[in-house]
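I'd like to ask some things about the structure below.
Lettered A, B and C in written order, each chain numbered from 1.
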Amino acid sequence: MTTLLEARGVSRTFTVSRGMFAKKRLLHAVSDVNLHIAKGEVLGLVGESGSGKSTLAKMLLGLLPPTRGSIHLGGVDVAGMSRLDMARRIQPVFQDPYSSLNPRKRVVSIVSLPLAVQGIGSAEERREKAIAMLSRVGLARRHADLYPNELSGGQRQRVAIARALVVEPELVLLDEPTSALDVSVQSQILNLLLDLRGDLGLTYVFISHNLAVIEHIATRVAVMYLGRIVEQSERDALFRVPRHPYTRALLDSVLTPEPGLGVPDTGLGLAMPNPLDPPPGCVFHPRCSELGHRCRTELPRTVQDAGGLMACHLYDGGVARQHDCLSPLAACGERE
Amino acid sequence: MAPLLSVSGLTVDLATPRGTLHAVRDISFDINAGETLCLVGESGCGKSMTALALMGLLPNSATRRARHLAFEGGDLANVTPRKLASLRGNRMAMIFQEPMTALNPAYTIGDQLIEVHRRHKGSTYAAARERAIELLEKVGITPAGERLGQFPHQLSGGLRQRVMIAMALMCGPTLLIADEPTTALDVTIQAQTLRLLIDIQRDLGVAILLITHDLGVVARVAQRVAVMYAGEIVESATAASLFRKPRHPYTRGLMASIPIPGRTPPGERLGSIPGIVPSLIGEVRGCAFRDRCAFAFAPCAETVPWRADNEHGWRCTLPEVPAEAAA
Amino acid sequence: MTESYAPPLLEVVGPTSGALLRRRIFTHKGLLIGSTLLTIVLLLALLAPLIAPHDPYAQDLTQRMIPPLWSEKGTWAHVLGTDNLGRDYLSRVIYGARISLLIGFAVMVISGLIGAALGLAAGYFGGRTDMVVTFFITIRLAMPVILVALAVVAMVGGSLWVVVLVLGLLKWDRFAVVMRAATQQVRSLDYVTAAAATGASTPRIIVGEVLPNVLPQLIVVASVEAASAILLEAALSFLGLGVQPPLPSWGLMIAEAKAYMFFSFWLIAIPGTALALLVLAINMVGDGIRDVSAPSGRG
């Protein structure tokens, strides 16, 4: 199984200044992320706002260098690769179909841009390749000469997909590709993505906060919270037996169209994740319903077991404990 | 008992450079006191326009007509703007999708909450402040006293939405119109916010008109549902009945396109509805769904009858659509 | 196989965006009036040698101070009268249009290139580049244009080219500020990131993706700056710091007519009116372009 894309200990911080004389603060967007993506699989990256998934996406695309750690594409460190080489191997599809296409360019020009940048073929050949790709994504020849504002949201997203695929990359990184679309269009696009993956042998990194969509399309899933990966497993394992308290809360929050079940209580509380001020210890502990003793003070290790990767004290049996008590604080009866 | 809100034949037309857009076409529905009615549909179906039409908040380029529009027993269609303004925020309140733009960033939360109460009830500052604290605690924001002095940008999206709910409840309305209240929120916050709405309905007896595109939300929160497509209500039923046996091909197509973890086989094609929503500019005759419907035939281009089976109604030429719908 | 998206019958068959744009242009009164006026002035300037009835520099002291046609002493030989040196006013006004338009255009181009380049760089690269450019803009804003012109003219003497250079090298600040803001907005949009992800070089991204989308704002600022440059030249010439006599700059004509203001009012009124109309026309065109090129919105 070939590893196409790998992230090793990747972190990214931003300095946020609130003016020339105010103190600068550090925003921890991504902390210590390890990922492997093998050829042919679909890695689902799940997270809400503040999870760092968009920053991680930019780093995987080579658009943002990590502050620590490295990214490897086909075994080669991305830092040494030319932009053009990377662009040939990994391409993005973004969330907002209204801002991902240049409103002043015609569709065919948008889709043939990657070819022009790579210097592939003559102008005429590029145009034909672009039109061929448009047809593959379900658009007609006459759409080629339209402007983006003459297309619907679903059609625009198809153009975005055509643009990503026209250079025949191995890897496509999709950042919430269906979140801004209507439900009926969403399923059209998901079907298209499934078909293309089969026909063209593509590998996907699929970022979404919609667990139902992830469950449908991903083969492996990584859950992010406040810049860290808290759980990573094969899809079936994660959805049948979610282990991390955050993953469980996420899954509980999925409102399936099944009446009579009401809205479950996720037990999360109202504290919000803030990347400018991450809590000490486990980043999830302020909202965790199964808080243990070390959770407030110690960062959990990432442990690999039969079910996958976990970053949670509850599943870390190998650490010497001060308290021989991993049960939630309330049950333990001991005070800090 | 008479319904709290009674809408019959509501039509909204918008003047656009390309012609007249028939955003809402002759819709009728009722909401009873204390119940939750969900208006569900995708973008462009007219659901937000309906809410704005009820509140009298349509843009100047819009014209509203209705055969019959009644709220709390009084006529709503021909009411003076002044009377409407006294109802808005007072007897019927609205919460919106984007909490950041719905709250004024230049004023504190306390200011905005207190203003609503004083304007409609003529109360003293102290009395309004007490009510504001009461409601902030009701929506789960503690310590309420401190929060009153904060500005919207100091709160997260989920908290701002709660503040907006509190603001809507300040004057004790009987009807709360919620236009996609959780769409812009994270998944986990969405669940919490919906729970809050359900609790509030139970405790205060408020009727809720919930507008959404998310069938999951509908299933979990609604008592009754009206499905909108291209400006019309195409199906109307109790939530239980709708999900047990959807009748309109559009509703069925929608339900087939939603992946359900644990039920939809992963990696396989989802049901989908081919095509896109038709243009509502200019004349629209017959069934607006016919070009995307696998069962359409000639009579669909003429007036489409409304069918009913007990409380479950839908608009279709065919009395019965076959179980196996080809996608 | 992927199913087709295309609904056979009920797809949006409205007017194309090209047709809509034409409709917007031709129903915008301001734009139409402004462009007509501007075209008239442009034609006057271009065809000056063919249209002007007399040589604007030809003096005839026997024909001094003849009032325009509509007063009792007017004659058809000098439709707008003559000035204190007997030069035909109509011809001077027509040739004066050349100077105003030349100044307006040249200053707009020079300051536009400087300001747009700075603004694009600051908006696109941000960080230190932005800090440096903003610093320069602040310094520039602290300088009063007239006083700098005064100093320069004192050193090298006044002329048309001095005016063009001084104004061109000073009036880039609004360009820079507007382009910086517009570029920042466009920079954050996904299509710019997508272009970067295709491996496009920075110049290609700036020219191909950013520039076409900030062009409307650029055009509006250009029109405002052109009008402003024309007025500034008139002011400088009025003060004796700009174009030197006997050139028929409208500002200079106003200055020369100052002494005769109460008796021969037309000497000031005519070039003053011409200036006002030209500036009005340019502003109307600029506003019109801004209105008409407002984005047509989603879908």
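Here, a residue touches a chain if its C-beta (ideal position, glycine included) is under 8 Å from a C-beta of that chain, and two chains touch if they have at least 3 such contacts.
The model shown is predicted, which means the values in this text are computed figures rather than measured ones.
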item	value
Per Cα centroids, the chain farthest from chain A	C
Top chain pair, ranked by number of contacting C-beta pairs	A-B
Intercentroid distance (Cα basis), chain C paired with chain B, Å	51
Length of the line joining the C-alpha centres of chain A and chain C, rounded to whole Å	49
Distance between chain centroids, defined by C-alpha means - chain A, chain B (Å)	31
Numbers and ranges of chain C residues touching at least 2 other chains	3-6
Two or more partner chains touched - positions in chain B	272, 274, 276
Residues of chain A engaged with two or more neighbouring chains	152-155, 188, 191, 195
Of chain A, residues touching chain B in the complex	48-49, 152-155, 182-188, 190-191, 194-195, 209-213, 215-217, 235, 239, 249-266, 268, 270, 272
In the complex with chain A, residue positions of chain C that touch it	1-6, 16-17, 189-191, 193-201, 204, 208-209, 212-213, 295-299
Contact footprint of chain C on chain A as seen in their complex	58, 61-63, 82-84, 86-88, 91-92, 94-96, 98-105, 110, 113-114, 117-118, 136-140, 147, 149-155, 158, 160, 163, 167, 188, 191-192, 195
Chain B - residues contacting chain A, complex	42-43, 140-141, 156-159, 186-192, 194-195, 198, 213-221, 239-240, 242-244, 253-264, 266-274, 276-277
